[in-house]
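Labels for the chains are A, B, C, D and E, by order of writing; each one numbers its residues from 1.
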Amino acid sequence: GGDSAAFEITKDTAPARGAVDTVTWSLYAEPQSLDYAYAFDYHPNTVLANVCEQLMRITPDLKVEPGLAAAAANPDPKRWVYTIRDGVKFHDGSALTADDVVASMRRHMDPKVGSYWVSVYQNVDKIEKTGPMEVTVHLKKPDQLFNEEMGTSAGTIESAASLAKEGYGTPDVGVDCTGPFSFESWQKGQSITFKKFADYWDMTLEPKVNTLKMVFIPDPAARVNALLAGEVDGGYLLPPPGFAKLRTATNGALYFGPNTTAVSLIPTDLKGTLGDVKVRRALSMALDRDGIIKAAAGGAGTPAKAPGAIGAWGIAPDAAKEYYAELPALTRDVAGAKKLVEEAGASGKKVVIATSTLSPDISVIANAVQSAGQAIGLKVELKAVAPEAYTALFSDPKAREGIDLVMTIWYDSTPDPLEFYGILRTGDFSNYGGYSNPEYDALVDEANAQADPAARAATVAKLQEIAVRDVVWIPLYEPPHTMFLNKRLTGAPTSISQLVYPWAARLGSAG
Amino acid sequence: MTEYALEVENLRKTFGEHVAVDGVSFALRPGGSLAVVGESGSGKTTTARMLVGLERPDSGRIRVAGRDRSGAARGRATRLARAREIQMVFQDPYLSLDPRVTVAACVEEPLRLHFAMTPAERRARRDELLARVGLGEREADALPRRLSGGQRQRVAIARALATEPKVLILDEATAALDVSIQAQILDLLAEIRRDTGVGYLFVTHNLALVRHVADDILVLYQGRVVESGPTRDVLTAPEHPYTRLLLHSVPRPGWDPARIAADRRALATALRKTPPAPAPDRASERRSVTP
Amino acid sequence: MAGFLLRRIGGIAVTLLVTSFLVFGSVHLAPGDPASFLLGGRSASPAAVAAIKAQYHLDDPFLVQYTKWIGGVVTGDFGKSATFRQDVGGLIAARLPTTLLLIGYAGVLILVGGLAFGALAALRRGVVDRAVLVGTGIATATPSFVAAIGLISLFSVQLGWFPAFGNGGGFGDRIYHLTLPAAALALTFVGLLARVTRTSMLEELGREHVEVARSRGVPGSDVVRRHVLRNALGPITTVTGTIVAGLLVATSIVETAFGLSGVGQLLVSSVTVKDFPVVQAVSLLVVLAFVTANLVVDLVHPLIDPRLSHAKGGGA
Amino acid sequence: MTAVPLQRRRLLAPLARIAGGDKLVTAALAVLAVLIVAAVFAPWIAPHDPDAVDLSATLSGSTPEHLLGADQSGRDVLSRLIFGARTGLLGPLVVVIVSTLLGMLIGVAAAWHGGVVDSVLSRAMELIFSFPALLLAIILVAVFGVGLTAPVIAMSVAYAPYVGRLARSVALQEKARPYIQAYKVQGWSGWVICVKHLLPNIAPLILAQSAINFGYALMDLAALSFLGFGVQPPTADWGAMINEGSPSLLQGAMLPALAPGVAIVITVVAFSIVGESIADRVARREQ
Amino acid sequence: MTTRLLEIENLTVRLAAGKAARPILDGVSLHVERGEAVGLVGESGSGKSVTCRSVLGLLPEGSRASGGVRVDGEDILTMSSTQLRDLRRRGVSMIFQDPRASINPMRRIGDFVAEGMRAGGVPQKDALKRAEELLESVGIREPRAALRRYPHEFSGGMLQRVMIAGALAGGPRLLLADEPTTALDVTTQAEVVSILTGLRAERDMGMLFVTHDLELAAAICDRIYVMYAGRIVEAQSTEGLFSRPRHPYTSGLLAATPRLESDQPPHGVPGRPVSLAEAPSGCAFAARCAHARPGCTEHEPGPREIDGAQVACLRAEELIHD
């Protein structure tokens, strides 16, 4: 508790006043590629958001708007028709056509490419050019979410000509998109530089920054110090241990912004000790969420009641609060939890939780879970997982063998809570525990066919209730999105939509 | 035919290009004493090492007490047999004893290896050997580092005598000692030879010493025997210029180093023209090899 | 001399060949399917696996794969990084300048500091000697990552004198950025070199020819310069070879600790993601650098000690 | 009270005797003794369970409850330090034992036999030598995965040539000494001479090197743990503690990272002092 | 009255306090006249080298000396370091036992020979020219080429000549030769000695010749000092020493030395030589002396003059050793 936990959400920063020549921005790692098909992680998306655009655009206040598609129509539940915006130019000067859109989208379905976004296309039957400036996506079954996903890298449009180039997306070749900034150079291991794109189509987002330089600073301490020293102008996703220092900075401010992220524990083996919902609930009851927030998140976070973040309800933010309020309160009750475990006959049973040096919060949470588990009579073991294997836990079922519990920081790309709750349906790739509930599955399909956001949200609320009741995931807390900005600048959005929205285009001088 | 304690024929040893020992032949009577002299690098040590099997001759024959010992000692039996026939005392008393082994153990080790004795017998024999070289109980328990150079050399002699060899090779065994101690050791060696009948092969460069310890002498020069014969004869009437040079080089009253220096240069020039031929010779017969 | 050099270079080639085989072979032994490493652990469709396998020749027998790889290496083609989807050669080349500058900088610190402290201790027995001994003792025992933590927390976090990240722009800026990393990298080796220098000089100081020089009225400073320092260079050069080896690997720790993007950090991150083509290439590079350093040491030795040049020259 | 210093002196007396009266060496031996005791009796000595999480104590500085503070997860740093001595000493111990045995075997065999055996073994050593230990460890980690096993195997192999070179050169010197030759002349087999006389006489020097190697192995293994390749969390290990603790430096919490760092330095210093004193004694005995 | 070339008076050297504190020399007195060759004989550890080195002011580290060491009347023990350096460059030179250890193996022969001159301010070119002449004078062939060669290319005997050439460079009045031939072969020894004595005579230098070989000392020197356990026990003319040794130790040494022209086999002196530190009170030799009496272990015998010989033996008058 205490004052360190007090934090305030800033929805946005003040609009920029004027132009600046150069902005240096910090990334916590070097993107391995600028190919949108592999842009799945925070840092490549933070870069690409300014360079490549999607069919749809997700705004800082988490709304889905038309992007490179001037219009998206859903003439029947199994068809999405995109009208391509006129007069859009690629960085090389060529004009955007339906061919580019088809080529960009089909890549995700090409096994040779191995796109990380393939699951967005799981319901797609085929993609066709239906006019010089029109593309139609035929679905196998209704998929509302698909259209929203077109605001993420799954909907990124790249010029067909550059996609055909050998070495597309690598430092030497770069990319050729339509965004407000164009790829200039990539100093391997150090930085990527972008230039303002003069022929950018969207006048409202005309960049005020001439040169945008993204530097890679993997070490958290180094990143914080560079910000404090003014060596870099800003950065997203700051390390919680640095919050205290960044808050007291005189040369800039630390912002906490809207987020779609929730930190949860995923029971990955619903056939093991955690197969019994009582045990899962007990563990959830035993956790010291406030302590965890303080130790792992630098105090910046709110205890979560549901695995899907309340921030992810962009399609119905107000209704979401009501739904959320109806969820049972999470109060810590170790004695009660212990009793539940005894009832379930799970006392002394083993639970294995993965831990890793990948980031400090993983180990802090793993340690906290261990101590909570021990307190209620479970035998919690930590299994150290190499940093590389930690990511594999989420993609490779084999890697999860022998592990009961995995900590995750899960964010939604779209402002639609269905994106998260959809993954808990039977057989979904990300349904790691193998949760299966026919009622739930039916609700998912129902929601995905509901074009009206409010109606869809209402259905998702039911999904949320079930997921919480069954403790499919154990929610921990919701952290805010973080950004530090030097006081000479302003305009950058604070919300997580910066991963898909051309945030740097709004950046400019403060004075 | 006389049975020689040690008989060497045409011994030759090269190290790479360098010929260290070249056609050396000699013989040692049982209980006799033969000195091998020569300047530094003339092949004395190499010869000695071949005799005890530390170095393998390229060619030539070594016979010890009538048995051929030219080849490498393969197998335990030959190794032990050879060790009982011939032993060696090394030059540096400070390096020739294992620093971790007490004097008593040092003498007992060969006894244990070579003879089937009860511990009591072994102790008795050890004390006998130590007494033989003039060491008492106090020294027996000591580690080598507590002993003086002379005492160490006594231990080395006792150790060599333990296997009751026929021949003892003394490679400059007194060179590292002070004269007063050297004389003690020489006394001791003479006494042991008288009492046990062991034969000595003295390796030395000190001609004055040879005069008092050896019956016969063998002069080596650049790996070859240039002169050999009874000590008295060789020292009073050296035939080979090198022997003469060696003899004149020994400091004594009336010594003229300038002349020796001149002789040495002359010899070097002469020998450069005609190198000394190997001398297939018996030490008992007097013979010199002219340049 | 030329013969000696040729033989040594031949030896190096053999060493590299054997080590490359060992590295490649051991990587091949790694449990698991290489294709799945290349896919970053994602469970992919059989078509994707087949595509990857074809792309990386994973279906060929081991020896064929090795031959193809080593053939590529000889022509400067180290293969393609699985995670970066780029040529390994390019990846390394981009990071090499930082690493070399870091090593060079640290090398200068080590040479200057090590020799100065070592000589000081050898020549000023007593308090100075003791102080240097204690200091270097601690320095040698301080692993570079501990030094890195200490330096960062003191000079970047507390005092803010030095930047804690990045490689810097121009030369001066780079030097400024690399100061702390170079210091962390150098610390252990400064201690090591100082100790070797001290021992070696003390040994030479005790030699008879030094006393002879004094007995002939040669001034003390000349004695130290001509007879002590020069003669002490032998062991110092030898240990310098070892230090180079240590530096090559320690850079991976220091670069990681300071978030510098150099070859060492590339190695570490590639190991983390099992990016074997990169691991193989960097390993080979380190071994090459190491044997080359030793060759240089062997070539320098005869220049210092004429006795060695004679022996080697004669042998050829 | 005089009882306390007296007690202390009595405790240190045997160490001082081993140290030959040298204060520094006595101190080093005392440090090592403390470490060994800490490692062996960790569960009894440590004030807390090293893995006990107390989120209310997160990053607390030094308090009576946590003398060296608590880490990010609120675990007691002192207790983790004490338990960390276990992997901290065990890994290097295995490395030193294996590499010493291997190195001695190779070095003595090469020196004793000479000729072809020598050149083959020497070449092999040179080959391994051209792999810096950490590199070999990193490669093995890449291949066989993280943990203590791969690095320990790699370093046992990589350290062997260091011992082997030394063993070879001292064995060559020792072999040329007349006392060894005297044993040959006595008729002992090479095997017996090597085992009974040559090895014991070169052992102290090699022991000295091994003590120093122990320090290096400790540093290398800690470095691997720091890189995340060695001992894995949550096991308390000094290198891993530094890795886990370094983000906390930003929050001004020095102890979680600095305490294990200092522990490493002190341990390595102690080992090198002991190693050097052994070498010194050998040198003095030679004179 | 003319001053003596070298006069050592009552020189006592002891290692200063600490664990290693012990005496090394006790009341050593000796002198060398101009042009005279004087021998200093004794067994190992008797203090010959320390005596010899003290003349150059090279005392063991941490030792204190009392008494006087005067070269041409100037006391070395009280000299400033500049004076001392000057003395070493020009006044007194020393030749050491092991030439291989005494010449820096990493520097050229020319550097070695010229070094003393260079230190004295002679230009490099002149110094090398002079070095060439010196090498020639000690009988090195092709001296010019030799200047550029390294010590390992020379044999021990040749190196000792180089050493001598180096010692002669400053034109010294006094030559200290500390066992200059012990490491050499007999034939080489003769050659080196012939060069040494020849040059000495030619340049009229005084020479202190240190050796443990009585016969060698006799062949070279006019007078001989015999040392035992840090003290001079006897000093006499060479013939006197050989015909009428006064000290039992001297006669013991003579008897122990094997000689070519004598049929007498060498006889050892019982016991072993001791250093001053080990020596008991009284006469240090008493324990080994056949003529020792109870008084010998009580009183330290001072040097006395008997028939022109200096002897430090309580019973010197009673005993005549022939």
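Going forward, a residue touches a chain if its C-beta (ideal position, glycine included) is under 8 Å from a C-beta of that chain, and two chains touch if they have at least 3 such contacts.
Source: prediction; values computed, not measured.
Asks: Show me the overlap between the contact partners of chain C and those of chain E.
Replies: none
Asks: With respect to inter-chain C-beta contacts, which pair, A-C or B-D, contains the greater number?
Replies: Here the pair linked by more C-beta pairs in contact is A-C.
Asks: If you average the CA atoms of chain D and of chain E, how many Å lie between those two points?
Replies: For chain D versus chain E, the centre distance works out to 52 Å.
Asks: Provide the C-alpha centroid distance between chain B and chain C, rounded to the nearest whole angstrom.
Replies: Comparing mean C-alpha positions, chain C is 54 Å from chain B.
Asks: Quick one: chain A and chain D, Cα centre-to-centre, how many Å?
Replies: Chain A and chain D have C-alpha centres separated by 46 Å.
Asks: Take the average of all CA coordinates in chain C, do the same for chain D, and state the distance between these two points in whole angstrom.
Replies: That gives a centre separation of 22 Å.
Asks: What are the residues of chain D that contact at least two other chains?
Replies: 145, 228, 246, 249-250
Asks: Could you check chain C for residues that touch two or more other chains and list them?
Replies: 152, 157, 257, 272, 274
Asks: At which residue positions does chain A touch at least two other chains?
Replies: In chain A, residues 221, 386-387 touch at least two other chains, as defined above.
Asks: Considering every pair of chains, which are in touch?
Replies: Per the contact definition above, the touching pairs are A-C, A-D, B-D, B-E, C-D, C-E.
Asks: Across the complex, what residues on chain B touch chain E?
Replies: 39-40, 148-151, 178-187, 190, 205-209, 211-212, 235, 245-253, 255, 257-258, 260-261, 264
Asks: Can you list the chain C residues touching chain E in their complex?
Replies: 207-209, 211-219, 222, 226-227, 230-231, 304-307, 310
Asks: Using the touch definition up top, name the residues of chain A that touch chain C in the complex.
Replies: 30, 32-33, 35, 38, 111-112, 114, 116, 167, 169-172, 187-190, 215-219, 221-223, 225-226, 228-229, 231, 386-389, 391-392, 395-399
Asks: Looking at the complex, which residues from chain D come into contact with chain A?
Replies: Residue list for chain D touching chain A: 51-56, 58-59, 72-75, 145-146, 228, 232-235, 240, 243-244, 246-252.
Asks: Report the residues of chain E in contact with chain B in the complex, numbered from low to high.
Replies: Going through chain E, the ones touching chain B are 43-44, 156, 185-191, 193-195, 197-198, 212-216, 218-219, 242, 252-253, 255-261, 265-270, 272-273, 288.
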